[in-house]
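Read the structure below first, then the notes.
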Amino acid sequence: MMVPRFREIATFMRTPYVEEFSTTDIGLVGVPFDGAVTNRSGTRHGPRQVRDMSSMMRTTHHVSRINPYDNCRICDVGDVPLTTIYDLPTVNDQITSFYQQLVGNSVFPLSIGGDHSITYPILRAVARKDPVGLVHIDAHTDTWNEWMGSNLNHGAPFRRAVEDGLIDPKRTIQIGIRGAQNSPEGWNYSKDSGMRVIFIEEFRELGVEGVLKEIGNVVGAGECYLSFDIDSIDPVYAPGTGTPEIGGLTPFEGQQLIRSLKKMQLVGADLVEVSPPFDQSGNTALVAATLVFEMLCIVAEQISNQ
Amino acid sequence: MMVPRFREIATFMRTPYVEEFSTTDIGLVGVPFDGAVTNRSGTRHGPRQVRDMSSMMRTTHHVSRINPYDNCRICDVGDVPLTTIYDLPTVNDQITSFYQQLVGNSVFPLSIGGDHSITYPILRAVARKDPVGLVHIDAHTDTWNEWMGSNLNHGAPFRRAVEDGLIDPKRTIQIGIRGAQNSPEGWNYSKDSGMRVIFIEEFRELGVEGVLKEIGNVVGAGECYLSFDIDSIDPVYAPGTGTPEIGGLTPFEGQQLIRSLKKMQLVGADLVEVSPPFDQSGNTALVAATLVFEMLCIVAEQISNQ
Amino acid sequence: MMVPRFREIATFMRTPYVEEFSTTDIGLVGVPFDGAVTNRSGTRHGPRQVRDMSSMMRTTHHVSRINPYDNCRICDVGDVPLTTIYDLPTVNDQITSFYQQLVGNSVFPLSIGGDHSITYPILRAVARKDPVGLVHIDAHTDTWNEWMGSNLNHGAPFRRAVEDGLIDPKRTIQIGIRGAQNSPEGWNYSKDSGMRVIFIEEFRELGVEGVLKEIGNVVGAGECYLSFDIDSIDPVYAPGTGTPEIGGLTPFEGQQLIRSLKKMQLVGADLVEVSPPFDQSGNTALVAATLVFEMLCIVAEQISNQ
Amino acid sequence: MMVPRFREIATFMRTPYVEEFSTTDIGLVGVPFDGAVTNRSGTRHGPRQVRDMSSMMRTTHHVSRINPYDNCRICDVGDVPLTTIYDLPTVNDQITSFYQQLVGNSVFPLSIGGDHSITYPILRAVARKDPVGLVHIDAHTDTWNEWMGSNLNHGAPFRRAVEDGLIDPKRTIQIGIRGAQNSPEGWNYSKDSGMRVIFIEEFRELGVEGVLKEIGNVVGAGECYLSFDIDSIDPVYAPGTGTPEIGGLTPFEGQQLIRSLKKMQLVGADLVEVSPPFDQSGNTALVAATLVFEMLCIVAEQISNQ
Amino acid sequence: MMVPRFREIATFMRTPYVEEFSTTDIGLVGVPFDGAVTNRSGTRHGPRQVRDMSSMMRTTHHVSRINPYDNCRICDVGDVPLTTIYDLPTVNDQITSFYQQLVGNSVFPLSIGGDHSITYPILRAVARKDPVGLVHIDAHTDTWNEWMGSNLNHGAPFRRAVEDGLIDPKRTIQIGIRGAQNSPEGWNYSKDSGMRVIFIEEFRELGVEGVLKEIGNVVGAGECYLSFDIDSIDPVYAPGTGTPEIGGLTPFEGQQLIRSLKKMQLVGADLVEVSPPFDQSGNTALVAATLVFEMLCIVAEQISNQ
Amino acid sequence: MMVPRFREIATFMRTPYVEEFSTTDIGLVGVPFDGAVTNRSGTRHGPRQVRDMSSMMRTTHHVSRINPYDNCRICDVGDVPLTTIYDLPTVNDQITSFYQQLVGNSVFPLSIGGDHSITYPILRAVARKDPVGLVHIDAHTDTWNEWMGSNLNHGAPFRRAVEDGLIDPKRTIQIGIRGAQNSPEGWNYSKDSGMRVIFIEEFRELGVEGVLKEIGNVVGAGECYLSFDIDSIDPVYAPGTGTPEIGGLTPFEGQQLIRSLKKMQLVGADLVEVSPPFDQSGNTALVAATLVFEMLCIVAEQISNQ
């Protein structure tokens, strides 16, 4: 990674691309699927663009001075090999199946989407025993129900996950929620199921420090999953996404939130909803790649502490 | 339409928007669906953008001096009201159903896509008796078969249409074909079923005049349908499309081809595959809107001659 | 408004377009005029683009849970039908005349510009009796005088409005002012006439809460008008404007300011200076449409409380 | 001009900027005015952008091997110093006045617009005795009449010029005309007044050679003016313009047309309607700058032959 | 290559990436170096972007029906591993050294630049015995001399190659030359050294067929090299390049030229000067990738015929 | 400067361009050189673009009410006239030589880059006696060492300056540092040499006020230099730069920092790393031009106080 950043093949972070997983600690996975969106598509191109932009990343974190590549074997394990893209239930099954392979090989899955519908089938693979906790950073609760004929749309994954006992709503926190909706139904579902929902107005009142305390209080010890929707970030920083809502987080706040999760028992993490066709300047992908680097650092620290 | 072009609501060509079809001769229909693409999506935004750019159009054709609005009642009949977007067979049925209403009201359907998969369900509505002829201008034959789990993908509509007896392959001409494929199967299907395929190299040899003669020879009298895929045009003029192939037609050639079809017995026409997220300059939509205006002129002439 | 957001005709917020005003409570008006700018033009395209982007909006506010469409009849009343665009005094008269029709029909005018010169002729229609108060959010005081031969330029509307007794400078507050000028004359006029001017530096000291108190103190009860120039927002969020000044408000601050005006006696409101040719990413229009939605919510609440 | 092209102050072609005209043979003039457009504005920024892009130009023509800077004193004489921009008749008078100064100093005016309305006041200065001939390359005849309250709009300059006896319609040729209009009135005026109008379809039939012959036949010997509207070029090459029409000339054809006028008695020339806000890639300005260089070469040759 | 084109790691044409060359017939090489440009830099990003866009390519040529992957082992051999980028002579030596490895392993080098200076060090590796012939498609002859302190700049490679006896000027043809220069010196060098130079005007007269005959006449049998500068293509198709000149070739002409070289004895080929920072739409890279595919087809045919 | 901002020749701030320096107090200098970058080039175009955008600037500061043009003779002194661009040591010498001329004429040099390597040769001219203090605002410490074969790369200028005794590390403060690195070596050098390094996290804790105190404490009285790398600003505001790092300063913070330096003994200042090819919206240049205006105001005040 010491050669100039415009050189070499664009794998995630310019890590080795592997097709066999037995010697990988952290697998960077692409999930180029956007067939479940409700509005603007394009995230099928997300993994490719994040791979490209991730070569801007370097190795040693400026705060923690951690170099995750020192501690862990980190590889690009490629894209989920879907053989269909038009049928949502089958797509979900194929995603789950691929993550079961990763989990079976003790690979920590760090995923780059794709639309948010992918988190549900990922959770089916990583939440193998008890429901896991969830740190969910997003503009939307994604606990809505059927829309345009499918309950597997990208506004619904966490409702499905609760129904299936994959996540524990009482150990779930949703951060950054904002923007009008056509009904309060999803907001109500989150609240009624026991999730802690921090709307952006409360986020501004609590500040990052206060929110981090809430995360600790809600999720606690025990296994948990981190799902970061890039639309939690204000669209000026991350225009490349399908359902932008103004008034969001700054990338710096995103970095701070992730950076502070290093004590959690993560079983997986994802960064979703990067949509390159709406990202003319590439800043969305730059933010995404940097946030993935933050995730790499905390996961590497967690793994090397085990 | 005499007010400045930046003013007023952006219906197609700034025509009246109607929800009831009994007094419409030509219905401009939006089909904002792109769930059947094999590569880059985005054409769900096509009708909206063509509506917007179409306000650049004016009324009197500079060659024929025809003003189609003098002769015909032309309306924007809105978008096909799909209630599902994730299930291809159902989407196809809903499209067919809407066009049956139009045809039942004697409305000539001039459609703006949407991906090319929409032409198959449209043909199911407009080819009510015998198979119709087809003038198909495209970079691809779209006579391929199942891909990624569906045979309703946007590379397959004309194979489906032949199988269902909706088009007569011997009265079908495909113009502008080019670009590598992963197998010659679709090219072979077109040829073996009896279609006349003019690859771009032959197009350059024949010239527009020669191609027009071939159209006449192949399609002849009798009902026919015009399907114009914007990717027939060279991607420099029409970058906003999902599967661009360099070395294509110029917009002027597109105008000449359409302009010369005024003696045909058209039962419907479409302009598909305009994908705004890949059309930063808007030229794709400008070309598309102008080609739709050319279509309007020949259809209006056909109708007023009846 | 429940159908996918890429579908349907792009009226403001996808409300019904009406040409007769008797059954409308709130009229969304387009004023596509930019003939009075001093620097970069382009806002003539503002209403069209805000209409397009406004289809991203939904119905229920995430804080107040208000759905303005439940309480009020909200319509797109089209664009001001100017018959001349080259002569500023005549343009001003035609604008006033159209708003007199709206006001005469008891329609609350919520306008989307257009350059800021339009607020002066709007005020001539809405400030029918006494001078009204003014909440003016902008990077510039717009109290300058003649420039390049006209005192109806877009840097002058509030000076004209004071001279005509349309606004009460003592009940006028200007928020977000910043950026160098070629003379301090406009700043001085605002101050000398009695307006309360909050430059951006003071804004940062007071915070949104402090500014809201000042608004209450200055404007008080009694009729007032809200004029929001998109260039009050930092140009990184709203590059699509004619005279950008760095160091401005965030969209979240804009939302908070508007949201808190719900107790005021508004007689009209506008959002001006959106210039699509300089808004490649569309974020300006997204911010503008969301701010208009915030305005709709407070106006609907005001109307339903009457 | 031998230093790298990204260096130095961006005058036209990096020629010396002069404020006194007595030692200038050819004056490159900017006319940053777009207040007379009927649709999209933006050409006020044209001279600035053409100045910037013109530093890509070099000195020795690859066909004629002429270096115009060897033969002539070529200077950037700045922008027309308008003191008003809102009143069309006054603007016209101020333009005429500035060109009278140039002509009075025996400076050949080569102008960069600005919208096409500027050609009429320029002609008032350069056509001092008899009506001059006109080579007019454009998508539109610009012989329309009053629109939105002014007959000085940018669709009307050549009608005004005929009425004033500034150009001789029988020695006028209009080349590249195309695109629908809301009435045939302008086309008819051109024809009825005796102009030779070559629509794009005839252009394609005649070829450049044939058109050049027609130019010779129509304009003949005697003084003439060259007016080149960038929208004559197909909008894919020149998107940066207000009223694009597909199906236009290529830049190569533009070069050939200009290059062949070297035997004419030119009294002035202009390149108008370059609108940077619609020219994201800068290709419009690159084409424009190169066409201006072609003009410089023929004018320099004409002057050195005198 | 049968999976969707937005998926998988972006090697050139999605071929296997290899670091050992013994089983490779054709090596696709990236040369991300632009330190020798005279104007706008950016081609250091060329290989990365062409890799990305090349996944749009498919396998079977629509004219020849050749699938080069059937006949040859084609691999992405990575980027030239430069250890310095600031010193032109050393960079040149390192490039030569890498190509010597390729040639030593009987790998046919098909290179993607990078600026045109790279062709000289490549020629030092591939022209091992006698001077080779050269088919050079470009807007510029690139036979200029020292500029700004170096004779290894990107305007000079073929002059250096003649001086070193790497190419035979009498078996060299330069095609597509155009655009002004600050002196005729390079043009003269080409002519005086015996090269056949086809300026764009002659190209238009001869047509592609005539030019192909000239190529045959000039280069004949015997080893030769193909160097394709993307700026030979008109900048509207290929804006992403450092020294654009209007009035160039179409991509279709580029395809025809390459396609017809299948009988030549190629020892190497390159496609240079793709500069992504100036290629907002990506069309330059699409053209480049498609031209590289054309090269692959003729090289594969040549190799399988051996 | 009172004419419309789209008019006139684009010198820096539309000041007079001079080639002789004896009557200039503040010289605005362009240094269009980017040959020392480690990643993305493009800043060679920075001075041109800042010149263009700087015509958006006006004269009277809205806080201090200072008009720097009242107090000082401010001129555009052109670009450093390099005669080579490929050899870093020679380039450095030529830069130093030009600044020695300026300093010799008592011209205060306010420079616009260009990559950050230019500050080292500038310091060689302005730090003539003792080492000067340094206020360095940047995302990177730029105290790294040799890279890719040169220790004059743009990541190294302040290490070179310390080694040469041009700056006093104990009177040096680096502000805004952030982002991963491939080793901590540069960070360590800064610290070990005695510089005060304020990483972005500490910046957020101290606030602008606290940082300003630190600047005073560290730099104190005595001569100092101000070097402002635009990449200190968050890339959403300033995407046009070579090595963007998310989580940076806002432009308002940049303004505040500069504005408060008015009591310092500045001997020179620069604004570097503006890279137009990556600045599609132009906001980077707008920020840069406004920051340069802030610099002008404090320097003018310093000079008029002397």
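Lettered A, B, C, D, E and F in written order, each chain numbered from 1.
In the analysis below, a residue touches a chain if its C-beta (ideal position, glycine included) is under 8 Å from a C-beta of that chain, and two chains touch if they have at least 3 such contacts.
Here the structure is a predicted model, which means the values were calculated and not measured.
Visitor: Could you tell me which chains make contact with subunit A and subunit D both?
Guide: B, C, E, F
Visitor: Going by the average position of its CA atoms, which chain sits the greatest distance from subunit F?
Guide: Max centre-to-centre separation from subunit F belongs to B.
Visitor: For the two copies subunit C and subunit F, what is the rotation angle that overlays their Cα atoms, in steps of 5 degrees?
Guide: Rotation angle, to the nearest 5: 120 degrees.
Visitor: Please report how many Å separate the Cα centroid of subunit D from that of subunit F, as a whole number.
Guide: The mean C-alpha positions of subunit D and subunit F differ by 41 Å.
Visitor: Find every residue in subunit E that makes contact with two or more other chains and list them.
Guide: As it turns out, subunit E has residues touching two or more other chains at 4, 6, 40, 44-45, 85, 148, 236, 278, 280-281.
Visitor: Can you work out from the touch definition every pair of chains that touches here?
Guide: Applying the touch rule to all chain pairs gives A-B, A-C, A-E, A-F, B-C, B-D, B-E, C-D, C-F, D-E, D-F, E-F.
Visitor: Along subunit E, where are the residues that touch subunit A in the complex?
Guide: 3-4, 6-11, 17, 30, 32, 44-45, 47-48, 51-52, 76, 78-79, 81, 85, 280
Visitor: What does subunit B use to touch subunit E in their complex?
Guide: Interface residues on subunit B, with respect to subunit E: 38-40, 148, 177-184, 187, 199-201, 204, 234-236, 239, 243-247, 278, 280-281.
Visitor: List the residues on subunit E that touch subunit B in their complex, please.
Guide: 1-2, 4-6, 56-63, 65, 236-237, 250-252, 255, 280-283, 286-287, 290, 293
Visitor: Which bits of subunit C are touching subunit D when the two form their complex?
Guide: Interface residues on the subunit C side: 34-36, 40-42, 44-45, 82-88, 90, 148-150, 152-153, 277-278, 280.
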